[in-house]
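Both complexes shown next keep chain A, but they swap its partner, so chain B is in the first and chain C is in the second.
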Partner chain A sequence: MASWPESTRLIGKSIPRLDGLAKASGRAKYPSDIRPEGMLFGVLLTSPHANAKVKALDLEPARAMPGVKGVIALATAGETNVIYQGQEIAAVAAETEEKARDAARAIKVEYEVLPHVVTERQSTAEGAPKAFAAGNSRPGRAQTAGKPDEAMKGADATIEATYELPVITHVCLEPHGLTAEWKGPDSITVYASTQSVMGVANDMVETFGVDASKVKVLTEVMGGGFGSKFNADVWGIAAAKLAKEAGRPVRMFLDRAQEHLIGGNRPSAKATIQLGATKDGKLVAMTAETSGTGGRGGSNFPLPYVYHVPDRTRSHTEVFVNCGGSRAMRAPGHPQGCAVMEAAMDDLAHKLGINPLEFRLKNLAETDMVAGGINRTEIYHEQVRRGAELIGWGRWKPRGQGGDGPVKRGLGMALHQWGGGGAQDKQVACIVNPDGSVELRSATQDIGTGARTILAIIAAEVFGLEVGRIRSNIGDSTFPPGQSSGGSTTSPSMAPPCFDAAVKARDELFRRIAPGLEAAVEDLALKDGQVLVKGEARLTWEQACRKLGMMPINVVGVFAQGLSSTGVGGCQFAEVTVDVETGVVRLKKIVAVQDTGLILDMLTWRSQVYGGVIGGLNYGLFEERIMDEPTGVMLNPDMEMYKLAGATDIPEIVVEAHDTPEMRARGVIGVGEPPTISTAAAIGNAVANAIGVRVPKWPMSPMNVLDALAAAEGKA
Partner chain B sequence: MAESLEASPAIPAPPCRRLRFKGMYVYTDGFHPEAHDDYDNTIFWCQKTLKDIGPDQGFVGREDCREGSRPCYEAD
Partner chain C sequence: MKAFAYLSPTTPEDAVKALAAPGTVEALSGGTDLIGRMKDYVASPERVVYLKDVKALAGIVEKDGATAIGAGTRLVDLVSSATIRDRLPALWQATTEVGTPQIRNMATVGGNLLQRPRCWYYRNGFGLLAMKDGKSLVRAGDNRYHAIFMTDGDALFVNPSSLAVPLIALGATATILGPGGERTVPVEQLYRVPKADADREQTLAPGELLAAVTVPAGVGKNASYEVRQKQAHDWPLVMTSVHLKMDGDSVREARVVLYGVAPIPWRSEAAEKAVVGGLVTRERAEAVAKAAAEGAKPLSNNGYKVALVRTTVKRALLSAVGDRYWQEG
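Coming up: the complex of A and B.
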């Protein structure tokens, strides 16, 4: 079983990301910034209708436009049924973006518009048009344990409530897309904004039948994916086809409206939950009817989430709508499951007259074992205790005691969990050159998490060098197989082979220089840019590397057990004020406590948690896709009416690493997803605590808050 | 949450070679710590169309894209 060094110089410290200055200064070239010589601009023509047949499609007017170099159909007249607004109809490549847009507008499409369903309500309404051959809904996976009906009868207190979260979109700052450049009839280079350079390469191989050895996908840096950028997408393949047709590179990125419509979304969730407990606060039963829509994909989510309910039943219905398809979004399913369960827990604690913090701890499973022999329940207890200190939970008061004036103050909390882990089949190459330069290579990518930096930290730790001396060369599909970035798996998948590669390279260096130093290999060590023999500095790093002569060291590291793990927990607390006259919620403070095993770079780790919390407060307070039922179109496909937090909406965020020797011994676990899960749940509970009324619908927007207050007064 | 739960039985027929989901990209070694035994919310797409509908415009999914289920099915 491998292990990380017990004493570290760099690992676990706060180290700025290697590409931070380039990103902050604008020097970093994102895929959408790449402009190969002779590049054409691609534009996608999409359907304005949510449900329609394409009766006729005439591309000739576009082909006749000045500056147009290629036009392809992405739908077939007489065959294609458009099933959502934004579905791809045709693509154009032209000398300028404006000419491409003009040409796309010139394409003539004749539709037979059909009845649509664009909301859950519309899709499930009695007499709703059957929008899909398979029907408008489908039962999801059901679960039953024990005898919930019988157990519920024995409960001393029960609540029954319906909680809802809307569809939200990914809103990647860099839109989906790529630039395709053919290097000959059967060789292509692609600059893609992707979470998987290997995945995009695979799509090029599968679509064009070219040899994998002649496909190169490059992602030096990229502007966010959150689970929505794993393949080449229709428009990426269209760019490659147009590039082939025109004999010139083609850039094809979605515009902001298309990004909202077809760049992915997180499914909605609706849960009608009955939850019962004994008078001393022990959960006994749960029944839940849930539903959600992800366009046509899965919308299920975990229940009863982190809590132990011995007798329970749950049924789920997948609802289908004429909207763009959902894609994985940061911790798929967990934010929804967390929000509805934590709301139900808070509501039941209120009914029982029990402090919701104590109620939560009382209802965790006695043992919740995760990898490494860790009982997550014990970790939760420590995390909740620490989080309560940091938020000042001693100030907590029961609902309805948030203050005398119109602005009420409240506290809320929520727990979350995540699996994470990683794949055990990835590789990292480590090259030590005679000039002393060190390069790491792998076909993974840095999606903004700091993956490039943590690989360099590991190698620098092993070589006794500064982090900036290591060239962490990733984002190239032709390098040794690397991890696709999803599921919080990049670091736990890539750190072990990186460590192995660096150790192998160091050992090979020692083997080759030891004879010249008249020393035994086991007497050599690296520290502060020096080669030590029995603790005495004998050569600089550069002098040692020069002894490699004309032959660099080039080794490949592989996974080793013991260096990474899986299964984490965390909790978050929120303090809010709510103006009951306007419904405006203001965040005052959020505390995020998180464990993720061995932290490789405390700075990028904290950055991940901050980002997760900010993502969570966005869907806690602002985000909502609004569909217009009569017309079937999205009403807010922009960044003005699709609300997101501005700088003044971000409160004090206290990030607390549950960083203990026990956690470090577990090895590396990813932190991309866990810290975004419970933020919205904690905010929802803080709002209920402040105003004394449950707001059952996220986001905690003024309208939803005022609706809840009105309903409580019988005015809804 | 280690108790056994009643869940839909798996359909054994092999999936279409064009069926894609995120786990295929991430858990390439076959070990999936988040197997979603009790709440499958996997989002699928077709590699041929790169959409959640297949070449025949039917839904794409674990059960939808099994051998013998539709004319666009492709074996490995």
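Coming up: the complex of A and C.
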């Protein structure tokens, strides 16, 4: 079993990311900024209809437009059935973006428009048009443990409620796309905004039949993917085809409206839950009927979530709609499962008259073992205690005691969990040159998480160098195979081979310089840019490397057991105010407590948690894809009516690492996903605590809050 | 974006000439509305007349107690004007909440007043009234941001100007230059309710140019209160501006104007009537707010706006007399 150094100089400290200044100052060139010589602008023509047959397609008017250098069809007349607004019809490449747009509009498409269903309500309504051959929805089989109906009868208190979360879209700051440049007839270089340079390279190999050795995909930096950018996609392949046709590089990135329509989304969720407990606060049973839509794809989510419900049954119905399909989004499924479970937990605690924090702790499984012999239940207890301190849970009051004025204050909380383990088959090359420069190479990429920096930190730790001395060369598909960045797997997949590579390179350096130093290899060490012999500085790093002569060290590191693990937990607390006369929710503070094993760079780790919380608060307060039932179009495919937090909407966020010797001993675990899971749930619970009424629909918008208050008043 | 002819006159006279040319003409100032519509092909003018080089249109001038604001004045200049802040807080408050700093640095008073509706059917290319086969898409679809007054008609969008509301409350007039010379109308007469898609919701004739708005002397207590979902860049859901001329502590004359509830800036005569002739207490403000909401006929999704009418009217009134009860505690 390999292990990380016991004491570290760099690992676990707060180290600024290597490309931070370039990014913050605008000098970093993102894939969408790349402009190879002679580049053409590509534009995608997409369907305005949600359900239609393509009867005729005439590209000639576009070809005749000035500046147009290539036009290709992405649909076939008489064959293609469009099943959502935004489905690709054709693509154009022209000298300017404006010319390409005008040309795309000039393409003549004749549609036979068919009746559509674009919302869950519309899809499942009585007499709804049959928009999908296999039916508009697909009920799942009930998954049952124990005898929930019988157990429910033994409950002292039960709640039954329906909770709903909307579809939200990906809204990556940098849109999906790539620029394709052919270097001769059988060799292609692609600048892609991707989470997987290897995935995009593979798509090019398979589509064009070129040798893998002649495909190079580059992603120096990129502007966010969150699970939606693993492949070249229809538009990326179109760019490469147009580039081939025109004999010039072609840039094809989606526009903002297309991003919303076809760039991927998180499925909706609706859950009707009955949850019962004994009067001393032990859950006894749950029955849940859930549904959701991912377009034509799945929408399932974990339920029950986190808590132990001995007897339970749950069935999930997939609802299909004529909308762009879902893609993996940061912790797929978990935020939905967390929100509905935690809402039900809170509502039941309220009914029982039990502090919801105590109620949660009482209902964790006795043992919840994750990798490395860790009982996550014990971790949760510690995390909740710490989070409660940081938010000031001592101030918690039962619902409806949020204050005398119209602006009510409330506290809420939620727990979450994730895997975060890595792959065991990835590689990192480490090159130590005679001039003392050090380079790491791997075909992984930094999607904004700090991957480049953490690899450099690991190597710098081993070599006793400053982090800035390491060239962390990733985002190139021709390098040794690296991890696709999804599922919080990048760090746990890449850190072990990186460490292995650096250790191997160091050992080879020692072997090669030891004779000249008349020292034994085991007497050598590296520290502060010096080579030590039996603890005494003898050579600088540069002097040592010069002794390599003309022959650099070039080694490949692989996975080693003991350096990474999986299985994490966390909790979040929210403090809000809700103005009951306006329905406006303002966040005052969010506390996020998280464990993820050994933290490599505290600064990028914290940044990940901030980002997760901000994503989660957008889900809690603002985001919603709004589809129009009469026309089948998305009404808010922009960044104006599709609401996202601005700087002034972000509250104080307290990030707390559950960073103990026991956790560090587990090795590296990814942190990308877990901290986005429970934010929306905690906010929903804080709102209910403030106003004394459950707002059953996310986001917590003035409309949804005021509607819930009005409904409660109507009932009273 | 369709190709267009571009003119940048430097005098009001030349601007009028340029605007009066035949064909479809759009005036461009800050560009925060027009450019977006052109990129989305919602507007495809043959000619665009850029007005920011007409320096005579910009600036704030005090004269005989009146405040004249050039149509080309940027919103950031209104926000940084001590006169506006101290004398016309209703206008100042509404202006500070428009868009973002970047937008306020570009956008102008005239552009804010004459921007086209944000209705998502209109912006998605379904026309100003969004009628299809004789039926209203707004009525059948998602109308959470649409009107709750005048909803018997076909125009269900809401007027998008945050500045029109306080300006109407303050009794401002608009100076309009045209081929036939100059005319002056109350700001509220810049707007009308269109009957057909081809109608404009604005009354300026082809070739006419909004030159300035003037708030007359003798301004009373005034305030605005806006409800919006986000604190950063967002549109008001509902906003109310009030203007109260007082006899001692008693209201002699009042204007109560609302944003976000009708296809025109909505003057609530019921509220104005209810507030005149007494003190502005919390109790009376509540009663006035109730009067303001009477007659609202929400659409299928926007019943919540009725509560926002009550709240914004109440809070704007109380704010005008210095009572911000919602900030207590």
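Note that in this section the second predicted complex is superposed on the first by the 711 of 716 C-alpha atoms of A that agree within 3 Å, B and C clash if a C-alpha of one lies under 4 Å from a C-alpha of the other, contacts with A are read in each partner's own complex, and residues count from 1 in each chain.
Rule of thumb we're sticking to: contacts are C-beta pairs under 8 Å (C-beta built on N, C-alpha and C of every residue); 3 or more make two chains touch, one makes a residue touch a chain.
On a predicted model such as this, the values are computed, not experimentally measured, just so you know.
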item: Clash-or-fit label for the pair chain B, chain C on chain A; value: fit
item: First, second, both or neither for A:Asp649, with chain B first and chain C second; value: second
item: First, second, both or neither for A:Ala155, with chain B first and chain C second; value: neither
item: Partner chain in contact with A:Pro406 - chain B first, chain C second, else both or neither; value: second
item: Partner chain(s) touched by A:Glu581 [first = chain B, second = chain C, both, neither]; value: second
item: Touching partner for A:Met222 - first (chain B), second (chain C), both, neither; value: neither
item: Which of chain B and chain C A:Met703 touches, first, second, both or neither; value: second
item: Chain B versus chain C as contact partner of A:Pro332, first or second or both or neither; value: first
item: Included angle at chain A between vectors to chain C and chain B, based on C-alpha centres and rounded to the nearest 10 degrees; value: 120
item: When both partners are placed on the shared chain, which of chain B and chain C touches more of chain A; value: B
item: Nearest-approach distance, in Å, of chain C Cα atoms to those of chain B in the combined model; value: 25
item: Where chain A meets both chain C and chain B, residue numbers; value: none
item: Chain A contact footprint on chain C (complex, rising order); value: 1-2, 41, 100, 118, 120-121, 124, 126, 132, 137, 140-142, 144-145, 227-235, 237, 301-304, 307-308, 310-311, 314-315, 325-329
item: Chain A residues within the chain B interface of the complex; value: 80-81, 83, 132-134, 140-145, 196, 198-199, 203, 206, 227, 230-234, 237, 267, 294-304, 308, 316, 325-328, 332-333, 337, 365, 368-369, 371, 418-421, 423-426, 483-484, 486-487, 489, 566-567
item: Residue ranges of chain B in contact with chain A within the complex; value: 1-8, 20, 22-23, 25-29, 31, 33-34, 36, 38-45, 47, 49-53, 57-61
item: Touching residues (chain side chain A, partner chain C) in the complex; value: 98, 101-102, 105, 403-407, 579, 581-584, 586, 621-622, 626, 628-631, 633, 635-636, 640-641, 643, 645-649, 701-703, 706-707, 710
